[in-house]
Amino acid sequence: MQIGVIGLGRMGANIVRRLMHYGHECVVFNRTPDKVRQLEGEGATAATSLNEFVHLLTKPRVVWAMVPAGDATEQTVTDLAQHLEPSDIIIDGGNSYYKDDVRRAKLLNEKGINYIDVGTSGGVWGLERGYCLMIGGKAEVVSCLDPIFKSLAPGTGDIPKTPGRENLRSTAEIGYLHCGAYGAGHFVKMVHNGIEYALMQAYAEGFDIFRNANSQELAEDYRYDLNVADISEVWRRGSVVGSWLLDLTAMALAENPTLSNYSGYVQDSGEGRWTIMAAIEEAVPTDVLSAALYTRFRSRQEHTFAEKMLSAMRYKFGGHVEQHS
Amino acid sequence: MQIGVIGLGRMGANIVRRLMHYGHECVVFNRTPDKVRQLEGEGATAATSLNEFVHLLTKPRVVWAMVPAGDATEQTVTDLAQHLEPSDIIIDGGNSYYKDDVRRAKLLNEKGINYIDVGTSGGVWGLERGYCLMIGGKAEVVSCLDPIFKSLAPGTGDIPKTPGRENLRSTAEIGYLHCGAYGAGHFVKMVHNGIEYALMQAYAEGFDIFRNANSQELAEDYRYDLNVADISEVWRRGSVVGSWLLDLTAMALAENPTLSNYSGYVQDSGEGRWTIMAAIEEAVPTDVLSAALYTRFRSRQEHTFAEKMLSAMRYKFGGHVEQHS
Amino acid sequence: MQIGVIGLGRMGANIVRRLMHYGHECVVFNRTPDKVRQLEGEGATAATSLNEFVHLLTKPRVVWAMVPAGDATEQTVTDLAQHLEPSDIIIDGGNSYYKDDVRRAKLLNEKGINYIDVGTSGGVWGLERGYCLMIGGKAEVVSCLDPIFKSLAPGTGDIPKTPGRENLRSTAEIGYLHCGAYGAGHFVKMVHNGIEYALMQAYAEGFDIFRNANSQELAEDYRYDLNVADISEVWRRGSVVGSWLLDLTAMALAENPTLSNYSGYVQDSGEGRWTIMAAIEEAVPTDVLSAALYTRFRSRQEHTFAEKMLSAMRYKFGGHVEQHS
Amino acid sequence: MQIGVIGLGRMGANIVRRLMHYGHECVVFNRTPDKVRQLEGEGATAATSLNEFVHLLTKPRVVWAMVPAGDATEQTVTDLAQHLEPSDIIIDGGNSYYKDDVRRAKLLNEKGINYIDVGTSGGVWGLERGYCLMIGGKAEVVSCLDPIFKSLAPGTGDIPKTPGRENLRSTAEIGYLHCGAYGAGHFVKMVHNGIEYALMQAYAEGFDIFRNANSQELAEDYRYDLNVADISEVWRRGSVVGSWLLDLTAMALAENPTLSNYSGYVQDSGEGRWTIMAAIEEAVPTDVLSAALYTRFRSRQEHTFAEKMLSAMRYKFGGHVEQHS
């Protein structure tokens, strides 16, 4: 089917490529025109203005917006709303806050425009592996878009069927899912990322123990000089902790077991933060999800004010002057 | 090759089966004789006493002990040591504390007996999938046992080769690894389990947010009645959080999305605890590994004394009397 | 000076009493009239309706609202706004969310009505000890209210002057502080409560270790049957951990060292939650503040869904069936 | 009474001074002789060798060892044991691990020498305020030392009696406590320090929120430029979070509200670590105590290996290259 894609960053461009690969007709637009031209060269229909973009689309129009969450998405949706007509569909495929989805969907509904929120997982691997899609919005609109979702999703692949699902039917088994009403797609994707942070942190802490297992401070009998690359590799087979993140870890450690090529300065995006806020609103204890987020906050500072305050208190009660060793 | 296996619980018995399947000759012994008889029926050579067990083995003898960590392993190794001779090999395949390995290995070495510690991951699935083996001890002894390890390990399977390992050679790629000196196998397995707890906790907290996303305390616009079974299923394809633990979660949720058949009373074994102790000895921050362990401690109590103390303080400063709602 | 107080719960009534004790004229109103009558008997001027309440006050009117945060405060402020006139002052002395303060203050300002937010600490002890007041709003309005704040605050008392403050002048030394613009009072009080939770949790965890120090699972040589009441008492003198919360703990433990009279079912109010949300917006790691909050969430449940999921995963990979011991 | 003090660091020297102030006769010895001479100048009897030290003491000898925990204490106790006779008493006033106490006490008991462990809180303030003493060992030996403990402890001071203790009699009310058998004193002091870390961390995180409350990333309406010195001061009166640590915080912030004179590089001593190990042995969840310890571990590193691994995984799945902003 025909679809317009606005926002041609890495994720947006790859989504266009995967859709074209599966025979869909893509009309593309981007703030900076070079990316438009590149995809035109790969077979997409190029638009040089939002106006042209909208006119190139057949009614009811389907527009996939793939722009950064926050102001950029807000602006894009607002601009689109001025050009679109009743029955048209805006899909926000970015990482929006689910409460923004609810607000936007309501505003658009007043104009008869449909809104769908899609949480998209898969990163740079999605072009080839397919994207795991978590979808929110009205069921009848979602089902209109089924050809799109089916093409973007990974499909069954060679992943074995889950025992117990013999009598359950769901698109979940081919990699996309209508999760619920407006915002539900981004809500599920949000928690997905919250979990992702904690999974990453679990491996990271464990390997930090390995990395320091040869410390001079330990008793000599209990020191180990471990090969972290081999450990990550052996766990890929038959162990309980096998995962895709472990596969990636094994790649990174195979290249450089000291990881000296990485800064350790770790960003976080909105989803990790919103996950904790949602948990707090529900009174759900989320100890590891929070700890994983805080580790990232900490990683970006040389010293926190909190640490200076600890130094100050120690000095005041004990005369301990903290110094770099 | 010939191997004696002592301790025929679920893990021990399956190890015998897998070894026999790959053509090894197994001599088996167990405190309770019915398990011995069952494996005899499947082709093993049965011993009715430790003495007989030892005499049925060809020198240099190889004995795999698969008994519960702690007192049982201590007793088994001590008993074996009295029967074995120089150049014999004791393999502790259980979940021993690595400091105990070091101590035992030293004692046995004085008698010329070799000691190998093997951390074994794979649970009830290992018979079929193979076991991921993490091995500690002297390199020359480990290499003698290569046929055993190769049979127990999963092999390459259909797991894709890690990019970057083209020029690295390691048995890690077939599922077993000599990690280092005495205790190194159990040290690596210990941290493996510490990580496992935290991975489990990450998923558990995320799904708890889903489960409570429809709470009456939330504003009506932001409530979602989510299908947790489908969410776990959709994440199995193309998402960043795919893992074997997620596969298992999907099974459990497919059977019963409320998990009402599970108690929520969660045991922990020694490894999770020792992981934190090792981290503390190394001064490595392990926020999520610890939080995952504490959640299990908490799950086994109705109310902690700590919570009663919070109630007491609240009452004393504010007259808040805490009650069940 | 004259002040109207609306909301005569425990906190509101005690504030009236303390103000009257220091010679202020209090006009009082409450949804349920019996509390009005009681304070009338103690010297307050009683109002039987909001209308009468407003008319009994001299312009520019000063109204202290002391009602539960959330809907009740919202309603009270809205109702008052309809009766008050330019230059009148509404003080929200409850535990409002600081973002609500900002919103309300703006709305009231459009009508020329002044708004002050006051975080009030002191609980049931405040009547006698005085209340620690954290104040937000316009400086000139705050200074009009100085006689009120001075009377409610504890004053210098016998607390020694902080070395280093010799040349600093601040009302902080007599127990109240203008913290900043709208919402600043409640912001500071919010974090105060966040800290309070974590201080409480610190003692609670420590005493939980004492309480379990005699566990049969410990090696006999390292078991201690400790007198927790005496420990809390001895720490009140000369130790680093002395505090008012410890004083309260010592009281509770002196009465009943097992605390069996307390449920361990621990409520949390909004401030603890908002503290974490504010920290996350600022990207400040708040590990202990979060952990303290989550402990309370957990204390109110028999088992979390997260724990059931841990049980389920354990069962699926290892055949562990979790049971109550 | 007469007492020998060995180890004249800041703590040891002040203990000598306080004891002499209360009329006790102190024989002193130290590895480096200048400290011995200084205290001799203040009235102590100086010993120039361990041998002389022991001979200057009247039988049964009482020796207070105040040397760093670990090897130094081990050596001191071992050396003393060779010089002392049955019925003599060794007091370990340092920060020893309680399991070491148990071991040492048993060895000394075989020679008839008594062993007492004393956890000593008070830091540089103890000389003037008195020391809070937590004592382990045999009751009859502890009671012999009562004059010493009474002089070192703060006494009742002007701290109000705890309601509910009217009928309880305990030396706890004058600042020292016989906690239990060997090691109990250091066990209680250990947990005291564990709590101390978490109390400090609670304030530190809260003030970190204040310090960042004016961040440009926050919406303009919700930014506050807070006076952290004044906030710490106002909380000293009537608030729930008043404590001695807050008093010290107020001092530090009065001197320099940015704390730029402190490094934020925070040491930890053994007690904080052992507290977590003890909690884990008891299966007591200690979320905030652990988090407080980990913060210190983290404060001493530029970047953890864990953080580099997070960067690596992020790069591998999403092409995120982490950089310093």
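Going in written order, the chains are labelled A, B, C and D, and every chain counts its residues from 1.
Keep in mind that, in the parts below, a residue touches a chain if its C-beta (ideal position, glycine included) is under 8 Å from a C-beta of that chain, and two chains touch if they have at least 3 such contacts.
By chain, with names taken from UniProt: A, B, C, D = Decarboxylating 6-phosphogluconate dehydrogenase.
Keep in mind that this is a model prediction, so the values were computed, not measured.
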Chains in simultaneous contact with subunit C and subunit D: A, B
Between the pairs A-D and A-B, the one where more C-beta pairs touch: A-B
From subunit C, the most remote chain by mean C-alpha position: B
Cα-centroid distance, subunit A relative to subunit D, in whole angstrom: 46
Centre-to-centre distance between subunit D and subunit B (centres being mean Cα positions), rounded to whole Å: 38
Subunit A-subunit B separation of Cα centroids, rounded to whole Å: 31
Residues within subunit C bordering two or more other chains: 123, 201, 203, 205, 208, 212, 240, 244-245, 251, 281, 283-287, 291, 294-295, 298, 300, 304, 306, 317
Chain contact topology (line, ring, star, complete or other): complete
Touching residues (chain side subunit A, partner subunit C) in the complex: 240, 268, 273, 276-277, 280-281, 283-287, 290-291, 293-295, 297-298, 300, 304, 306, 317
Residues of subunit D defined as touching subunit A within the complex: 10, 123-125, 200-201, 203-205, 207-208, 211-212, 244-245, 248-249, 251-253, 259-260, 262-267, 287, 291, 295-296, 298-300, 302-320, 322-325
In the complex with subunit C, residue positions of subunit D that touch it: 98-99, 102, 121-123, 126, 129-134, 153-160, 162-165, 168, 170-177, 179-181, 183-184, 187-188, 191-196, 198-199, 201-203, 205-206, 208-210, 212-213, 215, 217-218, 221-222, 224-227, 229-231, 233-247, 250-251, 254-255, 275, 278-279, 281-289, 291-292, 294-295
